[in-house]
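Pasting the structures in now, so scroll down.
The following pair of complexes shares a single chain, chain A, combined with chain B in the former and chain C in the latter.
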Partner chain A sequence: MELLQLIIGGLANGCIYGLVALGFVMIYKASEGVNFAQGDMMMLGAFIALGFGNSDEMGLPFFIAVILAMVLMFGIGWGVERVVVRRIFGQPQFALVILTIALGFVFRFVAGSIWGYTPLVLETPFAGQNLRGGGIVISLADLVTIGVTLVLTIALWAFFAFTKIGLAAQAASQNQMAAYIVGVPVMRINSLIWGLSGAVATVAGVLYATRGAIDPNIGLLGIKAFAAAVIGGLGSLPGALLGGLIIGVVEPVAGRYAPGELAKMSPYIIMLIVLVTRPGGLFSQIQMKKV
Partner chain B sequence: MRVVFKTSYNRDIDLHEHGQSRGKIALLAAIMIALPFLVGDYYLAEAANTLIWALAGMGLMVAVGHTGQVSLGHAAFLAIGAYADSALMNAGLPFVISFPVAGLITGLFGALIAVPAVRMSGIYLAIATLAVFAIVEELVILLEPITGGVGGIMAPSITILGISFDRYGALDHFYWLCLAIVALVTWGYANLMRSPTGRSFLAVRDSEVSARALGINVTRTRALAFGLSSGVTGLAGALMGHYIGFFNYELFSIFISINLLLVVTIGGLGFIQGAFLGAILITAVPQLISIMRDNLVSVGIDLSGIPGLDTMIFSLILIGFIIYEPTGLYGRWLKIRTWFEIFPLARKDMFRRQKSYLKTERMR
Partner chain C sequence: MSLLEVQDLAIHFGGVKAVDGVSFDVAPGEVFAIIGPNGAGKSTIFNLISRVYNPTRGTIRFDGQDITGLKAHDIAGLGIARTFQNIELFDHSTVLDNLLMGRHTHRATNFVQDILFLPKVRREEREHRRRVEQVIEFLELEAYRKKMIAGLPYGVRKVVEIGRALAIGPRLILLDEPASGLSVEETRDVAFWIEDMRRDMGLTVLMVEHDMSLVNQVSDRVLAVANGQPLALGSPAEVQAHPDVMAAYLGTGAAA
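And then the complex of A and B:
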């Protein structure tokens, strides 16, 4: 029973890792770059939702606040691509890595100056509500997290697999010049994807905030999300979710049955094992070119 | 405009292009050696700190600047170096032995990591090193008998041949020790870069395919570069431990890794001089900020209430450099120097950056 309880809590946690991982798998899929500020975008999204929704701030109804936050974060993601990331278009990937790390610190500073560094709680309609059955307790927040994550993953997967824009984004990452030749507006697609990943980060942030207090340093969770995406295979959306779930479940279970520090290390150990045995991740996207 | 006639191969691969640059280095060395007689204790300590950062920066430069392997986890190697050195000295070994052994241990650890890491490229390596950093951070807490756990340990005072090199008791000696080590490593590094091994690093960085076609064992080269890089960083870590005196795992946070990346990027990727310029910047800017803060307080603006301002300013500097001057401070200096050297002939597009269209890494 206890194990089952741990696993359910872990699944919900893993969904959040998965969602953050989704955000940067999207950017990887579209521009072959990794946005190391994804965790901080999640943090910023959560704080913006808090700013719109909490009764002592603007006091809007929860769902309107979340949607407004998503729209605003879409704008921020779009803007970051337009103003900063586009300037290094055509530079080595390494430049983007350093640039986004620095951007993450800027986001953290902005959130810290507006909302302070003391943990705050987002007011949600499903706080403190639990479902009981068969000796286990499932909080409504966990169920919502799992449900929203599943829907979002499927929607994003369909977006990349079937829509014109999604296919264009994949083309842009596989061969930029060829994409230009067939008429894909590579830069505009990049902006759009950055905006979308900002919105996805907001969802992740709000779901994270339903499960506890938030402060500007929760963005460091992004590191675990990287591990999740790498375990799943960078560039694979279902892989990112699976990686997130694996980490989410292993962490509390290891924390219960193994010495304390091992639990904190477990995501990275799993990731290194995966990298050594299957360098492309579980859902490897690396293919050999057929000549 | 100076024209250097190279009459032999040895002349061509000489460390110094002409006698004047040899003279400049000698002058710089003389000033650095005389520094304890010129400035007070406070600035001397800062100078020692800068030298240690430059050493760590050179370590990272081998990997990032010269082999093209981005590492986000070099703080882990600093930590391993510092703890290994202090633990060995606490076990009774003299500094002369413990210091190189600490570097060796770190280098071996780095090479060990490099074995799986070299199979990855670009982003994967960056994330893997980040994971290694996270693991080492927890290991430090776990290995309490050696590392003192959360409480931290005291770095023993250095004594060589009966002469004290204590950081507080004999600061000028400690400074000279740092200077000697940095000078030795720099000399070795500069020579390495003109040897076949160093050239193969560059080849691997610029094009893996052509490096392989030239008969370079890419895997071995990468592992060697990463091992060397972590070894030198470990040496810097050992010195940093002595410089700080009393440290725990918090000294080697993720921010140190980022600061190190800052050192090499702002200084100038692919230039040894860049590591030094970056180190000067990273140690000088916090001082400047605190001076600026004091001055602003006197005109009525109080910035002390804003936490994290230093990191913010560093981040903005970094973003500015990535966008406007990816070759860093040294690259900018080279451009200015060239402009003067060829004076009326400089053209606007002489240093235009080569842009490339991206192709996926996922298709091999």
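And then the complex of A and C:
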């Protein structure tokens, strides 16, 4: 029973890692590089939702606040590509790494100067509600997190697999020149993907905030989510989610049953094992690129 | 009236005049070849027409419309398709998906219709698939339909790229060295296909090619370029007999 309880909590945690990892994968596909500000975009999205929704701020209804935050973060992601990332197009991948690490600092500073560094709680309709059955307790927040993640992952998968824009994005990530020549506006698609990844990060941030207080440094979770994306194989959306779930479940289980600090190391130990045994990740679709 | 008119086209990379004052026009239904030694600027002319590069000066008109200011992704929609000397395919997709991607500009359904897979989307999808199957049949790619590009031999990939260009449903097709790296038999197939593209599909073909037997066999007119400048324009025989062209190829130093 205890193990089951740990696993359910771990799955919910893993969903959040998975959602941030989805953002890594989308941008990796679009810009051929890693967006190390992904965790900070999650943080910023959560704070923007808090700004719109909390009763001592703008006090909008929760769902409207979340949707507005997603729209705003879409705009921020889109703008980052348009104004900053596009300028380093064609530069070595490392340029994007440094650029996005810097962006992460900027986002943290912006959030800190608006909302301060003391942890704040996002007011949600699911706070403190639990479901009981068969000796285990599931918080409504966990259940919502798992449900929303499932729906969002399926929606994103359908978007990339079936829609004209989604297929164009896949084409552009495989070969930009070929994409241009069949009529794909590659640059516009890249901006869109960055926007989409901002919106997904917001969902991750809001789900994170349903489970505890937030402060401008929660974006560091992005490093764990990056491990999740690598475990899944950087180019695969389902792989990213699976990587997140693995890390999410192993962490609390290791925390309970394994000695000392092993729980904190576990995501990276798993990443190392995967990199050694399957360098392309569990769902390797694309050829491995050095990141 | 010409389908493609290129006037005084030039592009300079720093001090290098890769293309410098090239003019020609291609009539509808014509097979037009550009020849010249390596580094003459032939592929650069293609990159200018397909809007990958912006010219330093000159204009490009397609079907009477000035396309010099358009973007690379606008060209397919106008009915211009191309292949690349170094093959640019979606390597981690199947042959079928590569060809279907050629139909991109013809997809008229919107996002919501796509997600819901409405009857209209299904109808359109069937039509695209039918067009792609015609291309597969034409190029005899049946055996490779579901194969990933990354594992295919060079010659097949080359044909798939021609297939994707045809799937676009173009009026003008630009072939960048369609015979390079191909065996004698494969080159003979390419010659037949070019004939058929013109005769059965009503296409206009502009190609860059080194294989003079292919050029002689299929082209109506030939433009020879060297060092970015035009040397001679005329029938294949005329151009090959031109003293400047012979000098450019044989390097007697007598070139203009």
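Please note the rule applied: the second predicted complex is superposed on the first by the 285 of 291 C-alpha atoms of A that agree within 3 Å, B and C clash if a C-alpha of one lies under 4 Å from a C-alpha of the other, contacts with A are read in each partner's own complex, and residues count from 1 in each chain.
Keep this in mind: contacts are C-beta pairs under 8 Å (C-beta built on N, C-alpha and C of every residue); 3 or more make two chains touch, one makes a residue touch a chain.
The structure displayed is predicted, hence computed values, not measured ones.
Looking at A:V71, would you say it contacts chain B, chain C, both, or neither? Reply first, second, both or neither.
neither
Just to be sure I read the superposition right, which of the two partners does A:F162 touch: chain B = first, chain C = second, or both, or neither?
A:F162: touches chain C, not chain B.
By residue count, is chain A touched more by chain B or by chain C?
Between chain B and chain C, the winner on chain A residue contacts is B.
Figure out whether A:Y117 sits in contact with chain B (first) or chain C (second), or with both, or with neither.
In the superposition, A:Y117 touches chain B alone.
Taking the superposition on A as described, I'd like to know which of chain B and chain C A:N175 touches: first, second, both or neither.
In the superposition, A:N175 touches chain B and chain C alike.
Just to be sure I read the superposition right, which of the two partners does A:V253 touch: chain B = first, chain C = second, or both, or neither?
A:V253: touches no partner chain.
When the two structures are overlaid on chain A, which partner does A:A95 contact: first (chain B), second (chain C), both, or neither?
So A:A95 only meets chain B here.
State whether A:L140 touches chain B only (first), chain C only (second), both chains, or neither.
Neither: A:L140 stays clear of chain B and chain C.
Based on the A-chain superposition described above, do chain B and chain C contact any of the same residues on chain A, and if so which?
Residues 174-175, 177, 180, 285-287 of chain A touch both chain B and chain C.
Which part of chain C faces chain A closely enough to touch in the complex?
Those in contact with chain A are residues 50, 52, 71-77, 81-82, 84, 88-93, 101-102, 104-105, 107, 109-111, 114-115, 117, 164, 168.
Taking the complex as given, what residues does chain A use to touch chain B?
Touch list, chain A to chain B: 28, 31-32, 34, 84, 87-91, 93-95, 97-99, 101-103, 105-106, 108-109, 112-113, 117, 173-177, 180, 220, 223, 226-227, 230, 234-235, 259, 261-262, 264-265, 267-269, 271-272, 275-276, 279, 285-289.
Name, in rising order, each residue of chain A that touches chain C in their complex.
Touch residues, chain A against chain C: 158-159, 162-165, 167-168, 171, 174-175, 177-186, 285-287.
Under the stated contact criterion, what part of chain B meets chain A in this complex?
Listed in rising order, the residues are 64, 68, 70, 72, 116, 119-120, 122-124, 126-128, 130-132, 134-135, 138-139, 141-142, 254, 258, 261, 265, 306-309, 311-312, 314-316, 318-319, 322-323, 326, 353, 355-364.
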